[in-house]
Amino acid sequence: MPTDAERACFEAGIKFGSLYHQFAGTPVSPDSAESLGQAMEEAIENQPHCVDVTVDVRTDRIADELAAQSADYTELTGRFLDVEMRIQYAGVTVRTAMEMEDDYPLMKLLTVEE
Amino acid sequence: MPTDAERACFEAGIKFGSLYHQFAGTPVSPDSAESLGQAMEEAIENQPHCVDVTVDVRTDRIADELAAQSADYTELTGRFLDVEMRIQYAGVTVRTAMEMEDDYPLMKLLTVEE
Amino acid sequence: MPTDAERACFEAGIKFGSLYHQFAGTPVSPDSAESLGQAMEEAIENQPHCVDVTVDVRTDRIADELAAQSADYTELTGRFLDVEMRIQYAGVTVRTAMEMEDDYPLMKLLTVEE
Amino acid sequence: MPTDAERACFEAGIKFGSLYHQFAGTPVSPDSAESLGQAMEEAIENQPHCVDVTVDVRTDRIADELAAQSADYTELTGRFLDVEMRIQYAGVTVRTAMEMEDDYPLMKLLTVEE
């Protein structure tokens, strides 16, 4: 049988995959970044065992992208996101984050505390 | 060759399909409805020719759904959305809306004005 | 009142926005491109007034992208898609296509025939 | 530091959240169920550490839904999906499944084997 800590980590992964694939592709600009980040936080916090989600939609990186293209908006993707989450399951607290690792938006398990 | 009015209607349709299929499936509760609606409005207003989007995420209908199920959140779908949009293309203004028609969330072309 | 041709163009736009924003962000590689394209076609053909959808997921462009990055898959986005659609509404046939125009995946209204 | 088993469970959760929220809301009918299921399998198998995904899009349940509504297609949601996945990370094999538990599509961690 999986342990509570393993179940907590599974739950943490679900939230990350959900957040990313629900919102990837959303039209985004520096002006709309804040409302999108807030909606992402509140949407995923609805999911079971999800205590806290922090999403920083990186307006600096979006602005850099827009400077190099013709349209004045782009699509949300991993390099525009810094995310932290805290999940609690059966007394286990899991902290996770997503950050760019070279060119890949890596979802990381930071700590698992019982 | 398509007319400007026809092109304006095509643009209006794109915005509606985008809004619906980007956000359908998002975890939503009465408490998170407002931030989701605002993010939907601002995201789609980024798209070309899109002047104004109004999204009312229907907390009354979400509450009714939650009363009949075990989880305390649900997934965004058409019956929780009232949407109005205004698109302008080459001097043509198109107004559109989405509302429930019996059990189907119908996207409607309201007016086309040159 | 909008004309039948205008309504047909609105319907055509809905299908394009739906296709793009439902599937943007899907993990894709040259090997999985064919099944994804077929699923996109059949999914959108379910929608009302949608007679035919052809999706070519461009494995050549995906392979170019993979050659320049560390991961062996990427996310579906407009530059990996060539799409054609035929919509019929009240006797009006609308043909549409999506292709790259410089760096932007432009959805185009090709012909409107009554 | 998280264990390899915990990391494997986190990876397994990511795949489940991705699969669900990428494809929830897709227009689906009994005729298009098979191509959608295959695309879901192949898309998620692209993700790191994902060895095998099996998706059964339940045409029986879709047919029941269509019998009770006006449209001849519906939107993909959890009750139309039976999913099994196998993830391998650093020598740990994780098996997961999604099935309906009363009215909720529960994602379950089945086994964790080192």
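By letter and in written order, the chains are A, B, C and D; residue numbering begins at 1 in each of them.
We take it that a contact is a pair of C-beta atoms (placed from the backbone, for glycine too) under 8 Å apart; a residue touches a chain by one contact, two chains touch by 3 or more.
Predicted model only: the values in this text are computed from it and were never measured.
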Co-neighbours of chain C and chain A - touch as defined: B, D
Selected interface, B-C versus B-D, where C-beta contact pairs are more numerous: B-C
Centre-to-centre distance between chain D and chain C (centres being mean Cα positions), rounded to whole Å: 24
Centroid distance [mean C-alpha coordinates] between chain C and chain B, Å: 20
Whole-Å separation of chain centres (CA-atom averages), chain B against chain D: 27
Residue numbers of chain B (touch at least two other chains): 18, 20-22, 25, 71
Graph class of chain-chain contacts, one of line, ring, star, complete, other: complete
Residue ranges of chain D in contact with chain C within the complex: 18, 22-23, 25-29, 31-32, 35-36, 38-48, 71-73
Complex interface listing, chain B residues touching chain C: 2-3, 5-7, 9-22, 94, 96, 107, 109-112
Chain C contact footprint on chain A (complex, rising order): 20-21, 24-25, 69-71, 75, 77, 102-104
